[in-house]
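Before anything else, here's the structure in question.
By letter and in written order, the chains are A, B, C and D; residue numbering begins at 1 in each of them.
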Amino acid sequence: MTTPAAQTKPAPAASPPAGSVPVELPMAGAPAVPFIEIETLRSAQFIPAAKETLGDLIAEQGQAKVIRPVFNWAGRNSLFPLHWGLACCAIEFAAAFGARWDAERFGVVPRSSPRQCDLMIVNGTVTWKVAHKLITLYEQMPDPKWVIAMGNCATGGGPFRTAYSVVPGVDKLIPVDVYIAGCPPRPEAMLDGILRLENLIRERKE
Amino acid sequence: MSTVTLFSVSYDLSTVIARGVASVFPQPIHGWILSSDVVLGFAILFFAIILLAASMINTIMLIWWERKLLGRFMDRRGAMHVGYAGLLQNFADGFKLFRKFTVRPREADSAGFYFGPTAYMATSLIIFGVLPISTGWNGGTLPLTLLLALVIFSFAPLFIFVSAWSSNNKYSLMGGMRSAAQMIAYEVPILLAVVAVVIVAGSFDLTTIVYEQQNYWFWGPLVVALIVFVAGMLAEMERIPFDLPEAEAELVEGWNTEYGGMLFAFFMLADYLRGLVGSFLVVLLFLGGWTLPTWVPSSLTSFPLAGIVIFMVKTYLVFGLFVWVRASLPRVRTDQLLRVGWNRMIPLSLLAIFLAAVLVTVKCLPLFGCVPSPGV
Amino acid sequence: MWINMGPQHPMTHGLWNLRVKIDGETVIDVDPEMGFLHRGIEKISEDRHYNEVITLMDRCCYVAGLAWEHLYILSAEDALHVKPPQRAEYLRVLCDEFQRIGSHIMWYAAFVQDIGLMSPFLYGMRDRDLILDLFQSYTGARLTYEYLRVGGVRSDLPPGFTARAREVLDWLDARFGEYDQLCLGSDIFRKRCDNLGILKASDCVAHGVTGPMLRSAGMKRDLRKDRPYSVYRQLDFDVAVAEGADVTARYLVRMEEMRQSVRILRQVLDWLDQNPGPVLAENLPRWLGAPYAPIGREGYLLKRNYPKGVGFSSVEEPHGEAQAYVVNEGGEHPYRVKFRSPVFANISAARQYLVGYHVADIPPIMGSVDVCVGEVDR
Amino acid sequence: MQPEELQARISPKLGENLLGVEPFAGTAGRVRFRPAGALELFETVRDDLGFRHLSMVGAIDWVDHREVFYVVWSDDARQYALLSTDLAADAPHVESASGIWPSANWHEREAWEFVGVTFDHHPDLRHLLMPEGYAFHPLLRSFKLHEPEELEVKSRRV
């Protein structure tokens, strides 16, 4: 048994296939951790049905001044988050849907299937064991999609950032749009994060 | 009757537009455009478009109605920040889903994956063509509207099963199986309960059935049939306590687990369209359709479009009842559901038929008044 | 056919995976897969001051943070040879019992949603927020409190707390009947939950199952009675027991436990009203009292000479019996901290109470187990 | 139940494999035994002394040796007892208790995973909390934690 510190840098994998960037998931320098290649993941399981939906087509054909604001308005006012709970923040996530805060006021309705979601709220500590699943879920969500890192753990590992099994921040795995501070953030903070995300979408120009 | 109906409006509109268009063209085309067949065709088209738009808007309002009601039952507010009191919330949802990427899993069968939701949506919309909302709704009379509506209504399990199977997901498959079993099990009691209504009314035509309820509404004497019909409708519409096919806790989202974007919107809309149809049927068969009890002074009901307004108010109230059930009952299990369906519902519906036969034979019941002679 | 229920599945209420082998709709084998939330709390604790470990305890079980703080504190005090004042003990019991009600209400909210009852989730969250408000008024936080300390608690109650707490207790007492009406009053609920997920008392003992699951099998075991820690010996309450060992019995046990907790809390509030006093032990070593204060020569010496010790404690947490084993090898960090989570054992027996039932029965059964993944994975 | 009573009732069965029973706060006592006598001790403790409930199996790395301890509970005596044994550091192994107490199954998996103690004849000794194929035993003293900045994370935006 050698000390893990000595193995922080594992030997490079034997010539990764061209066109794919391996994402290495370090487990305190464990060399036995498998590589996942996001390109492979995408191509193996999911292919887009069509390059553009009918909605995209219409939006491109003109009327950008009318249709785009309408879709933008619709998109920001109906954010369906993925219904899952990682850790402590999930309790506050649930409380935000309770009677006192009622996130449904803003059109936020959790859906269980990632296909029907626009928003992934990473509400808790992300471990390397769940990292694969998290990326898969993110890939399963259809575009356009957003990610909120809720709480210190999802933002940067929080109190567990030194642990051998914890991802120091979910932005190591997927792109994050809004970070919410707090351990755990109060439900108001979560709603505030969602409203900030709505502002981000409002300013989107594409 | 000389009242303005939806069909007459669309016929007039069609005539006006046909005249305008025909005036541009020389004689042979001019005459052809003004021929009665073409005008009638356009009239039907306009009728369909108006009906489609009205039913879509009504469905979306129904979702809003359900969300607000559920919110109140649950001690919260429900959607309230998009539009006045959240009225525009569901339009936002719809537009957003329209805009979303539609993902098809590679292993999914493409034909079934796209055909299922589309056909589900289409069959749900077709029913609105045959349901009368108010007097003189349809241009002509169809003698078997009720039967036609129920037949179209019962196509759904086929399409649900096709889409569930072709999406190649274990949860979808289980949901599809449950859905098919459940809908087939509850078709039978629904049809039998309807037979009770038909025996009393003496017709399969929904308009006639409504007119038969001038003296008294059928919910009183046919209360057993009403119970069977409402329970069966809850199962057909897959709402709590019978929402096993999309039971969230065990099957994620049931048969629409793999559907996102517009196809999911189709499923969502079609579900509520069926909810609307179910409420329509309850109102038509048991609650007197667009009529009010005779003791209501006619001066109160003589405003324009009174029939439609009365009908829609009743419909929303009936749907509110369904929402109430949803807010207060847990979900049953598959085997319990089927057992209730086959062992309880069918005997009950047979009992309802028997009671209806007794009612027709005796002609008069002290509490409910007299039955008009069948077969008007 | 094997299906994966989790890690993202509405049934799990956390991050774990139940692999289920089904034949038609009947379950023939299950294999729980844990560890998606393993944060290495036991390892991190070896790198923290004794009081800093309390921070981790809150996050260990996020619905019963104070109970886990109490668990750790008891064994840490054993290992460090510290004794808290009496008022602190009562305050800890206050925390424990409020936490028990909060945790059970959270369980109720999640459980009824599993069987498709939607409204009680909202009612439960509404009532739980009242308890969290109370916590907030004296610990400053809603979920992660860091309130208990080695040698006592951090601060005393704010003025007017006991009156407000009594109001909340009256409100809750009235709500429990409402909950029962929504569940037990419904025929569908009884049909769904009776004779479901049966785990007999002998199986419970063999598989290490504790807490409400064990008591629902008719076994009267509650560490608060059998091995009274803190001041439970002075308090008057009954152990909630039910017969049947099924989901309904677990529901009944938890409901009765909440009522008993209200009873305990009324006594504790009375005592707290009458007996003011210090809440933190005096003459604590400096390195123990203030983790971030610079350790001077005096404190350093004290630490070096501090006697070694091993602490073992066991408390009746809302989910069952939790245990802690803390080894003090004479340093400012614990040498080894080991926790036993009740849910860990309860889930490990999953094969015993799931096989043979329907797929649709899995959510209510697992709901009745009351899974808190944080404490299983730690 | 007192430590002396435990000693008196266990020693005839175990003989020299029993190293002694010492008092331990809050429990009936701490039984120290040699790993060779593990199964006999477990059976004695469960069947003769009535400790039918195994609460916890834990392991500690004392650098020069490793310790495995078992916490058992008796419903009759309403008491806990600790059983503990010392294992050699180079190849720590002890007989599995999961045949006697089924609840030991997961606890032993965890102890193997984190402290590297092998349990002989365990039905299913695989990873429980860490992913399959994880090569380290994190709760060993030689396993050091580091700040995340020291980890090299190759990431890309998806």
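Note that in this section a residue touches a chain if its C-beta (ideal position, glycine included) is under 8 Å from a C-beta of that chain, and two chains touch if they have at least 3 such contacts.
Treat the numbers as computed from the prediction; the structure is a model and nothing was measured.
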Fewest touching-chain hops separating chain C from chain D: 1
Maximum centroid distance from chain D, chain identifier (CA atoms): B
Separation of mean Cα positions, chain C and chain B [Å, integer]: 49
Length of the line joining the C-alpha centres of chain A and chain B, rounded to whole Å: 39
Whole-Å gap separating chain B and chain D, where each centre is the average of the chain's CA atoms: 64
Two or more partner chains touched - positions in chain C: 9-10, 35, 38, 40, 43-44, 47, 121-123, 126
Shared-contact residues (touching 2 or more other chains) in chain B: 74-76, 248, 252
Junction residues of chain A - those touching two or more other chains: 98-99, 112, 129, 162-165
Set of all touching chain pairs, with the criterion as stated earlier: A-B, A-C, A-D, B-C, C-D
Sites on chain D touched by chain C in the complex: 24-27, 52-56, 58, 60-61, 69, 71, 75, 78-80, 82, 101-103, 105-107, 114, 127-131, 138-139, 143, 145
Chain A partner contacts - residues on chain C that touch it in the complex: 7-10, 13-15, 35-41, 43-44, 47, 55-56, 58-59, 62-63, 106, 109, 121-123, 125-126, 128-129, 132, 142-144, 373-374
Parts of chain A lying in touch with chain B, wherever the complex brings them together: 44-50, 53-56, 59, 70-71, 73-75, 77-78, 98-99, 102, 104-107, 111-113, 115-116, 118, 140-144
Residue numbers on chain A that touch chain C, as the complex places them: 82-88, 90-92, 94-95, 97-100, 112, 114, 124-125, 127, 129-130, 133, 137, 159-160, 162-166, 183-184, 186
Residues of chain B touching chain C in the complex: 70, 73-76, 170-171, 174, 240-241, 243-244, 247-252, 326-336
